[in-house]
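Structures follow.
Next come two complexes built around subunit A: one with subunit B, the other with subunit C.
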Partner chain A sequence: MERGYWIKSKPIYTSLVWHEKATSHLVLASGIGGMAALKLFQQMHPAQPVTVLYARYAQMEVDYSETLKKVVPDNLHVFKFEEDLLTELKSIMPHMRMGLRIYVAGSEGFIWDVAKAVKPFGVDDAHIMKEQTDTLARNVYCVHCKAVTKSVTTNIVACCGCERMLFVRDHFSRNLGAYMGLMVDAESPGELPAIEEIYP
Partner chain B sequence: MALNFKQESFRDDYTYKNSPEAIKRFPFPFPEDQYMYSVNIEPHTKGKPGSVYEFPFDIDEHYVAECHDRAITLAEDAGRYQALPHMMDAQWDFLELAMESLSSDYPEHFTLTKNGSIWTWENKPLGIHDTFTFGDSTTLPREPFDYMGRQVQGDFVLLDQRDETLYADAGMVTCQADWSLAFNVGMSWREWHGPVPKATELGVMDRALKYLMNLQLANPVRRLNWTMTVNPRLDTSPENYPHWGGDRNKVNADNVSELIHLRVELQSLFRLPRSNGIVFSIRCYLMSLKDIATYPRWAKRLHRVQKTMHPDLIEYKGMTKFHPLVVEWLSQFDDGADIGVGTQPE
Partner chain C sequence: MNMIDVRVAAIEQVTPLIKHFKFVKEDGSKLPPFSGGSHIVVALDAEGRTYRNPYSLMGSPTETDAYHISVRRQENSRGGSAYMHENISVGMTLKITHPVNLFTLAKMAHKHVLIAGGIGITPFMSQIEDLNRLGAEYELHYAFRSYKQAAFVEELQKACGNKLHCYSDSDGKRLDMDALLSNQPLGTHVYVCGPSPMVVGVLETAKNLGWPDSNVHNEQFLAPPVGESFKVQLAKSNLEVQVPAEMSMLEAIEAAGVQPEYLCRGGVCGRCELSVLESDGGLEHNDHFLTESEKASCKKIMPCVSRTKGKRLVLDL
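For the complex of A and B:
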């Protein structure tokens, strides 16, 4: 990649840090993202109420639920899959108050699933702290048929909707929670560059 | 003066043509022999009679055909129109601005009658006649922006101003130079301009943003942007790239002057009164190299600009495949004479 190459729509993820001025905290983690949640409790145990939702199975099967149970004082909810966690998240959001801070750790797909779930409750993604763990895999939005192909690890992927071969651009839409996929061989049908795993 | 609206197509058989009058008023975008991105924003003030700057929204001989092409594109892909829910005030702002401008600038074609909040809009070229209550969407056949966006040439994006930036929170985009509204809707200024090479490093985008955040009501601004398109195709969207991308392979030395069109966007921005949003209007003009060369001064200028174009920009604008053919064809007009500064045809 050329030096200085940087597309500004691509989000930058950081390590989770408690917001000390919050009135309550909501931590959402999946798989190996459980480590990021544990690290939060290494920083401190906040005085304000903390709720932790944890999904045990993500891309990588690393389960921190037993350790989390020892560290999180109360309000730890463990789920098997991310889908179950997201359902619970939507059901508890109406009970949350002003001053809530949200922290999320997991794959990029999980991070933006969470952002989408809390958006209807007036939470802008700029106010969600995000740590990417687990995998660099990308969700790819097909600009032609609008289908989203999940967990893409390669530079080029067959669209799950229209089967066109898509080049995965670095251009990211927070609204869709996905990178743009553009047909790679429209100008020269059948001529594909080498397909490589670059988002392991 | 009444306009003669043409019957023509921007797809399939491409019957689009420019009259000599349309060529003469073409907003040629190169005042100097070299081109680089700059914050080339100026006040969108009234220009000479007959010029594309005479009125806030320029209506020309292609009006009916363009509205027809837009309707086809929207019927095939509803995603070309997007409006996030908080943009309803801005939608009415847009409708008001467009109806008032068109009816006052082109009274023989458009009329607006107000009786309190009961408005009657007549668009003669498109055969539209509707009475509705301003502010009440249920009295229009579509949402206000969707309704009126279909009746003005050019693409429109409604920008919401908050958190020290501008968000592209609504749009009607059917004649775009390869960017996707469905993908970009909801993006902030920086995100949306992310893929533009060089511009970010030059600080162009940050300066333009600062300028636009201070845009005042009744003081619109404009700039020109450009690219090149194979065939007079309005819908060069990424959505339909599989349909038009292959056209780039059809260009050769014999047909380059007819196939390649200089695509100029007259971009203008208007502050909106209720929503404090901004209308970003992107009005597209297409001119074949052959028509441009009817004015030797333009042909010389275009040759010099293209010959010295930075390779990154050629790539970004999707011109890599046919660019050498363009430069070669234009070179026949360039005797090297000094033609001074300015975009005028003669």
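For the complex of A and C:
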């Protein structure tokens, strides 16, 4: 990659820090992201109401739920799978009011699943604080067949939809929560650059 | 700037201090379309000087046979609003600018909370037409001194029904901003137009409750404040202009024959921003556009509302 080169659409993730000004807080974490949630409670217990939703089994199979139960005062909900967490999220969002601050920690796929789930409720992803944990794996959107190949750790991947070999670009879609994948051997079929794991 | 010639078709005294003006095109053709929240600048040639004052368009954006504005006669006015009240009569012709919207509705909002203070109701008069037409969810909170001084309450009741909430100082009824803004559904946008303490109150309350900046909108046109007289040197035009006490720098520069860019003339839009090359005293920034650090740097100025505390200013114009 060329030095200094950066695609604007590529999201930049930070570490979770409480917003001082808020009416309530909602923390969503998955797998190792549970550590980011624990770190939040190391900073302080906010004066405003806090809800924490935690999914135990992410790709890395690390479980912080027992520690979270000791630290989170109330309103902690633990789920086995991210899908269950997202279902609960969608059911509580209609009751939330302006001044709600949302914090999310987990894989990039989880972060954007959350962003997609809250968008219909009028929350822009720019106002969600996001911390990437677990893995650098990317979801890759095939520009040829529109399929999304999940959790890609290599620079080149076979599309799960059309089996074309895709080069994983830095070009990111917030709407899809995925990076653009382009056929890498269109001009000279079968001639592939070295396939390397660069998103462990 | 490309101006439109209009004829004053009707004038109505709405309250003791507020007059409503209706403008039409001389040839009866339609005026340019606009969106709710837009304003025009009215140019008035009076006693050897030109006033250019911004006023919100009030009527329905779907009816462009005429434009409607309302003017409150300002105490301590430099003369623009007093001139509109005393010297403009039906049948006269005026020059206005094309409409510009610096106070647009957020189309993606799930709900709109509109807060008006006094004459600050005017931009909402056209916005509620848009909101009603779109079937959008909204509330209009209108605060004023007394029902006698409040303009358009009856019209608003007709247009908004139970979405209208009035607060009259004389009844001791006050708008509790904290209560209003702490219980709004996600995706709500708030809009405020009114006197400075009200605008600041809404902005601060929303910030303290954790509302994102993008969901908070305000419009507050400033009348150029009266100040001390000073000299402006225009470096590129090689001109020296005397700015009298009761004239804005922008007006004085225009009177000298130079035509800088402008849009709102009220310290909001930033179009007339000029670079300051030299100044012998601190700058008196009255705008809402420059950031605090830009104001402190003394390198930029909004000539529509700002002045110098010194005697002489050199501008890159």
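As a working rule, the second predicted complex is superposed on the first by the 200 of 200 C-alpha atoms of A that agree within 3 Å, B and C clash if a C-alpha of one lies under 4 Å from a C-alpha of the other, contacts with A are read in each partner's own complex, and residues count from 1 in each chain.
By our rule, contacts are C-beta pairs under 8 Å (C-beta built on N, C-alpha and C of every residue); 3 or more make two chains touch, one makes a residue touch a chain.
Because the structure is a prediction, the values reported are computed rather than measured.
Overlay on subunit A: subunit B and subunit C fit together in the combined arrangement.
Aligning the two complexes via chain A yields an angle of 60° at the C-alpha centre of subunit A, spanning the centres of subunit B and subunit C, rounded to a multiple of 10. The partner of subunit A that touches more of its residues, comparing subunit B with subunit C, is B. Contacts of A:187 after superposition: subunit B is touched, whereas subunit C is not reached.
In the superposed model, A:39 makes contact with neither subunit B nor subunit C. In the superposed pair of complexes, A:121 makes contact with subunit C only, with no contact to subunit B. In the superposed pair of complexes, A:143 makes contact with subunit B only, with no contact to subunit C. Applying the stated contact rule after C-alpha superposition, one finds that A:77 touches neither subunit B nor subunit C.
Superposition on chain A leaves subunit B and subunit C with their closest Cα atoms 5 Å from each other. Counting contacts as defined above, subunit A residues 126 meet subunit B in one complex and subunit C in the other.
Of all residues in subunit A, those touching subunit B in their complex are 4, 6-10, 126, 141, 143-144, 146, 164, 169, 171-176, 180, 182-183, 186-189. Put simply, subunit C touches subunit A in their complex at residues 108-110, 181-188, 207-212, 214-215. Listed in rising order, the residues of subunit B touching subunit A in the complex are 79, 163, 180, 182-187, 190-195, 200-201, 238-242, 245-246, 248-249, 321.
Of all residues in subunit A, only 19, 21-23, 93, 96-101, 121-124, 126-127 touch subunit C in the complex they form.
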